[in-house]
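Note that chain A is present in both complexes that follow, paired respectively with chain B and with chain C.
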Partner chain A sequence: MKMNKKGDKLISVYWFAILFIVAGGIVYMVSAFYGKPYDVREAEADILTTKIARCISEAGYLKEGVLTENFRENFAEICMINFQVEDVYGWRERGQYYVEVEFLDFDTKQKVFEISEGNEGLKPDCELEGETLPVCIERRFYSIDENGNQYQINMLSVVRKTEKNVQ
Partner chain B sequence: MRSSGKNKLWNKRGNILTENIIFIILNLVFLSILIVFLFSKMGAAAVLEEMHAKQIALMISAAEPGMTIHLEMEKAVNIVKKEGRNLNDVIIIKDNVVTVQLREKGGASYSFFNDVNVSANFDTSTNKGYFFVVDENE
Partner chain C sequence: MSSNFINKEHRKKGQVGETVTWIVATVIIIVILLLSISVAVTDIFDFKKFNYMKKTDVLASKSFFSYLLTESEGGTSVYKQLGAEDNLNEFNGVLAEKIFKKFYGDEYVHVWIGIQDTSEWQGPGSDLGFLKNDYFGGEASREFLNFVGETFNAGGIIPLNKNKNKNIILFLSKL
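The block that comes next holds the complex of A and B.
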């Protein structure tokens, strides 16, 4: 009986030790999960890509005046894009977005027109891999103009905003 | 002799029961503290501020002029009410930046790229969220 009682006490000590270890693990995991910011950059880049695609093409046809110098110069205004960001971490000076649209001849794959907006310095980071690097999304689609010319449109959207999305 | 033997047995049973009850109570207290910690982390104001600022910024980025969007923010509204803050000062949208501030100190902001004019209004019909009116920028 004495042995049993000692054994019982020993079990309860171990039981509490296990409880503390499990609780410590849970506290650590929860803190790590909720301490990390939500990374929404991929969703943001996706929305940006969709918005620009809709601005350029509608129902498979290029919108009027897309392949003009005026469209290139006033791209942000026409597509209702404003890359102004919050004034933290020096974001305003560096720019946190970059968009590039290439129009290729569908048959020859030769570049016929190009539009870009934002911080071009973000583009080289797309070739690297890492969580703390900008998020890049590439999309391509097919479109034709009013004269029946066929184009392959390649789009690249880059969102940096690392400090608020990755810890 | 018989009666003292009975008393011993009674004492032993009493001890066993008390020990077990204390053990169970301690376990329950421990688990309760853990659950309270989990829920406090899940519903923390800072987490909600960040989540809603990003959620609203993405929502506006994807919106078209002329849209009215309703967003349910019941937990956030409850925190604001507890803090005694004005519900119309919780969401500030200025210069393409959404700022959500549920407490006096703190707040989270996130920018959107859609060049539109947005106003945030507390939904007084449900008292649970906000609606956002998206207009063209002048």
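The block that comes next holds the complex of A and C.
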């Protein structure tokens, strides 16, 4: 009888130990999972690419005045792009976005025009690999102007914002 | 042998069996817990990557519209050529290859452009009228359409006649 009582006590202690280990594990798991932020930078860069593509080409043709100096200088304003960010982690001082649009002759692949906006310093990071680096999206599309000239348009969109998207 | 000795032996075996069961159960609990924690911490399934599904690939559909508006040396647009002819010709076929295969071939597993003629469509189960062409092959089979229908049709469909039974289609599928 005495032996049985001792065994029961031991099993109770064991049960409590397991209960605490499992509960602690679940708490740690939940906090680790929900403590991590969602990485939305790829979606952000994709939206940026789409917005710029819509700005430079419409109904199959390049918009009038796209291949001009005025468009290059007022690109952000014309395309209604706002690269302002929250004033945290020194983001204001160091731009968090960069976009580059290259217009190539479709047949010869010679560059005929180029537009860029944002922090150019982010571009070299696109050649590196790593979670804590900016997200870069490179895409291409085909367009023609009203004179029938054919263009290959290469677009590069870069979003940094590492601190809020990766931990 | 006395019955007392046999009872003692049985009790010992029972205790050993019970202890082993407890140890195995503990190990299973710990392993499951550690596995779950490692999945949550390392995020190997990319749960924290914001996944989004685009209904239309804007850049591909822009390329598609520009492609249809491109004129050959004779001044006839690809759209008009496709409307007048039954399938892709050398000019618009090669151009389509240069645009869609080169630009989107790496991004998508399936890239197909061609004509669908539904004028002889008999209803569900009949041939869907996808015409094979020399540039994008014969991928436009029923299996391909079903497959794409379930996943991603990011390109575009443009009718080539008033009855809308002859269409030029761009299929892009990531799976």
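Assume the second predicted complex is superposed on the first by the 142 of 167 C-alpha atoms of A that agree within 3 Å, B and C clash if a C-alpha of one lies under 4 Å from a C-alpha of the other, contacts with A are read in each partner's own complex, and residues count from 1 in each chain.
Note that a contact is a pair of C-beta atoms (placed from the backbone, for glycine too) under 8 Å apart; a residue touches a chain by one contact, two chains touch by 3 or more.
Since we're looking at a predicted model, the values are computed, not measured.
Partners chain B and chain C, brought together by superposition on chain A, fit side by side with no clash. Within the superposed three-chain model, A:Phe83 lies in touch with chain B and out of touch with chain C [touch as defined at top]. Of the two partner chains placed around the shared chain by superposition, chain C is the only one that A:Ala53 touches, whereas chain B remains out of contact. Of the two partner chains, both chain B and chain C are touched by A:Val40.
Legend: residue contacts after superposition of the two complexes on their common chain; A:Tyr28 is shown touching chain C, with no touch to chain B. In the superposed model, chain B and chain C sit 90 degrees apart as seen from the Cα centre of chain A, a figure rounded to the nearest 10.
Once the two complexes are laid over each other on the shared chain, residue contacts for A:Tyr142 go to chain C alone; chain B is not touched. By the touch criterion defined above, A:Ser12 reaches chain B but does not reach chain C. Once both structures are fitted on chain A, no C-alpha atom of chain B lies closer than 11 Å to one of chain C. In the superposition on chain A, chain A positions 30, 37-38, 40, 43, 50 are in contact with chain B in one complex as well as with chain C in the other. For chain A in complex with chain C, the touching residues are 14, 18, 21-22, 25, 28-30, 32-33, 36-40, 42-43, 46, 49-50, 53-54, 57, 59-61, 106, 139-144, 148, 150, 152, 155. Listed in rising order, the residues of chain A touching chain B in the complex are 8, 12, 16, 19, 23, 26-27, 30-31, 34, 37-38, 40, 43-44, 47-48, 50-51, 76-77, 80-86, 88, 96-97, 161, 164.
The residues of chain B lying in touch with chain A in their complex are 19, 23, 26-27, 30, 34, 37-38, 41-42, 44, 47, 50-51, 54, 57-58, 61-62, 65, 95-97, 109-111, 113-116, 136-137. Listing the residues of chain C that touch chain A in their complex gives 22, 26, 29-30, 33-34, 36-37, 40-41, 43, 47-50, 52, 54, 58-60, 62-63, 65-71, 98-99, 103.
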